[in-house]
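Think of it as A, B, C and D in the order they're written, each chain with its own count starting at 1.
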Amino acid sequence: MASLRVTVWNEYRHEKESPRIAQVYPQGIHGAIAEGLREHGLSVRTATLDEPEHGLTQQVLDETDVLTWWGHMAHGDVSDEIVDRVHKRVLEGMGLIVLHSGHFAKIFKRLMGTTCNLKWREIGEHERVWVVNPAHPIAEGLSDHFVIPETEMYGEPFGIPEPDSLVFVSWYQGGEVFRGGCTYYRGQGKVFYFSPGHESYPIYYQPEIRQVIYNAVRWAAPTHGPAIEVDNRKEPLEPVAVREL
Amino acid sequence: MASLRVTVWNEYRHEKESPRIAQVYPQGIHGAIAEGLREHGLSVRTATLDEPEHGLTQQVLDETDVLTWWGHMAHGDVSDEIVDRVHKRVLEGMGLIVLHSGHFAKIFKRLMGTTCNLKWREIGEHERVWVVNPAHPIAEGLSDHFVIPETEMYGEPFGIPEPDSLVFVSWYQGGEVFRGGCTYYRGQGKVFYFSPGHESYPIYYQPEIRQVIYNAVRWAAPTHGPAIEVDNRKEPLEPVAVREL
Amino acid sequence: MASLRVTVWNEYRHEKESPRIAQVYPQGIHGAIAEGLREHGLSVRTATLDEPEHGLTQQVLDETDVLTWWGHMAHGDVSDEIVDRVHKRVLEGMGLIVLHSGHFAKIFKRLMGTTCNLKWREIGEHERVWVVNPAHPIAEGLSDHFVIPETEMYGEPFGIPEPDSLVFVSWYQGGEVFRGGCTYYRGQGKVFYFSPGHESYPIYYQPEIRQVIYNAVRWAAPTHGPAIEVDNRKEPLEPVAVREL
Amino acid sequence: MASLRVTVWNEYRHEKESPRIAQVYPQGIHGAIAEGLREHGLSVRTATLDEPEHGLTQQVLDETDVLTWWGHMAHGDVSDEIVDRVHKRVLEGMGLIVLHSGHFAKIFKRLMGTTCNLKWREIGEHERVWVVNPAHPIAEGLSDHFVIPETEMYGEPFGIPEPDSLVFVSWYQGGEVFRGGCTYYRGQGKVFYFSPGHESYPIYYQPEIRQVIYNAVRWAAPTHGPAIEVDNRKEPLEPVAVREL
């Protein structure tokens, strides 16, 4: 697994605009996520919105096995051309891990086909992330649940398709629940949405969160199944016998 | 839908043994559930454990479109023969609604193939039942969530197969979540598990609970698809042409 | 169910451009589909691409419970504005039945988030449509399979998300299979894709096909669950107690 | 992955009773399956029905990461005690690969909760195994389909729960289809059913079949999520605040 090539993408605006958030994430949210993955021995590079082509050139994507995505205040600044490029790569097999407010990222809404609407509240309440599919590799190494001391609440109903597997459900102190760990197969690719991770809290330093993101990267690593292509076949594979109906 | 024939099955032991519980359910838990379904215009009969054949003769089952099941302290007293009979009817198309502590009923464990283990706590905390699949007919007429003032907690991980659709997730005051509304196709039949409903609390009088059980009965009503049978076919449906590989 | 309001949408170009196809569908493909639904007592109107707003004004959609969609040669002529409008209505609860070559319709690709690619071949081979979920209401009244005497082949891998329920799988004489009956929950709405129905063959007159489309319309009928909305909540539902972690 | 410990279980009766089948599988079906897994570098042992405890002592199971199961004519001779033991181990995390006629094995029916009925025909027709989920790791290294020159037909409807992921669908020359590659999460364990593999044909020597079984073993390898236990909690995790409803 050491040979997996991960690209950690971050909008990287909050950290530059807010001293309070910069204090939480001095190397940017991408820096914290990348650090967590490197601790697990993965090969990681980062890319951010304000780089040319948002740091996601065709070459970078071609050399990426799994892409993680964090965005929030500037979803609209992501160019449609880059969204198309990432979308195509996911459908061809690149893994995609969408984090927290990435639920409203163009790429996630494109892949889901729905609004991805949700309820939210930011009062620093705490969250309990419960494992509901203990057999899933993304739950590797976890206890039945873990606590995030201060979090932003995300609440149901969440406007997503039913996940192919639901791995985590979050409990919030203020009364809501959320399907916060959802897997999807899309084309030849695998997608995982993971809800924890607000910019105001040091969530991406938490060991359980890092474990989940690492697990998710391994699960989402490309496998090499057949392509899904348009093919106008002139000839049958089997002889077509005329028969009486 | 008025012609749907529902049988409400109840273990009916707690109510006879505990004056406190008898006070909550003077007509038995089955009485309260049946009343709720009759309010919606359905044709309902009841059956209980201590009747001959537990009230579930072959004829009763043959005349039942949907069976609801409540049991708790006496799962072991349900005869295997009756479990076989109910199992067979479900696989042939009879709907089954398993309620609350019925998660440990023989019939539910048989249909699930798993332990159906869970965590539990009875301190009269309250519960919020959240809709997570607003498109599902079992969510008909509900708001985004409703509150059960005093409840028994059921907590994850819950040892069930991933539901075919997850309709509800419960939030508990004490910190847990639970996949409390789960649908399953099994054979030609439909199964719904719904977690609320402890014997100590007047939960089956609550309008939202009655709405859910009514919705579930309608959803689980038999449809008439093909049988699933063993068939040793001698003849192909199509002429089998020999070919070069 | 008689009160269900169905709109049958058809591209309606093949029938106007090809005398051979006009002979198969003299009232248009929409005419044949509408006739089949009316036989079952539903209230049906039709709409076609070349009408103003493709016949899908806001008022028409507001008065539509379930929309069926047939398109093929002119997917690109459907305006993005109308696609947005239909998409929004589906997510708000209107049922959508996508037929045959509608797999490449903008609205279907938007809802799926994938390429919807497939293999195809048109040599008039025949097809056997097998029921794989006999408990599903869309299989109501069917035998284990039925035959389409002459069909266009659609082959796997089909570039769709895994269906929430797979109801039918087709067998083709030339050697392929296809997941031809797929259900999806999207937002508050329900979507069914059904693959049979090429313009060159009288498939929409076939009783089993009409049965399936009728079943699908009933299954996809709007139910009235909670809306899926963005809501920035300032206040918790429960008192947030500070605690030691 | 080399450290994965696989136990290949075989009923091993056909090979001893029929010279024709012994000629196809001189080392037993288990010998052929084990050989295929060893080619991929796995550590493999075998076990058969007529060994003491069917070769599946508690120690053997404790040392097994993934168990493969082939049975046919003697399902009834498998003791319920051993079935209980295997069932428990699967729910605790051991992977299980059920092959071909193992669809009627006690352990598979126990895990599914359904009849597992199907249609069948043995005329040596051929089969095309199509990949329908190209993103799934069990499709690793495969083309869009592969051919089995001579096979036993298994036909729908197949009396199983809807799979958590459907990976393969088989086409048969005689007109049927079959969901022949199905994954299930059960407890902490993973289960894969794979239909090819009749005793009369040299199917377990075929490279694509060996690839699939190898892929399945890797997919089903235990991961280490939380246990699913009964726990009567006296204390809430969060302070339970009394509130006005």
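In the analysis below, a contact is a pair of C-beta atoms (placed from the backbone, for glycine too) under 8 Å apart; a residue touches a chain by one contact, two chains touch by 3 or more.
Computed from a predicted structure; not experimentally measured.
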- The chain pair with the larger count of contacting C-beta pairs, comparing C-D against A-C, is A-C
- Task: Averaging each chain's C-alpha atoms to get its centre, pick out the one most distant from subunit A.
- Result: B
- Item | Self-contact between copies subunit A and subunit D, residue sets same or different by half | same
- Query: Counting in whole Å, what is the centre-to-centre distance of subunit A and subunit C, each centre being its mean C-alpha position?
  - Reply: 30
- How many Å are there between the centre of subunit A and the centre of subunit D, using C-alpha atoms for each centre? 31
- Rounded Å distance, subunit C centre to subunit D centre (Cα mean): 35
- Please set out, as single numbers or ranges, the residues of subunit A touching at least two other chains. 128, 131, 133-134, 144, 155, 157-158, 162, 164-165, 173, 175-176, 185-187, 226-228, 237-238, 241, 243
- subunit A residues touching subunit C - in the complex, by the definition given at the top: 91, 110-115, 117-121, 123, 125-126, 147, 149, 153, 155, 157-159, 161-162, 164, 173-176, 184-187, 226-238, 240-241, 243, 245
- Message: Per the contact definition, I'd like the list of subunit B residues that touch subunit C in the complex.
- Response: 93, 128, 131, 133-137, 139-144, 164-165, 173, 185-190, 223-228, 237-238
- Note on the structure: Within the complex, subunit A is touched by subunit B residues 128, 130-134, 144-145, 155-158, 162, 165-166, 169-172, 175-177, 179, 238-239, 241, 243
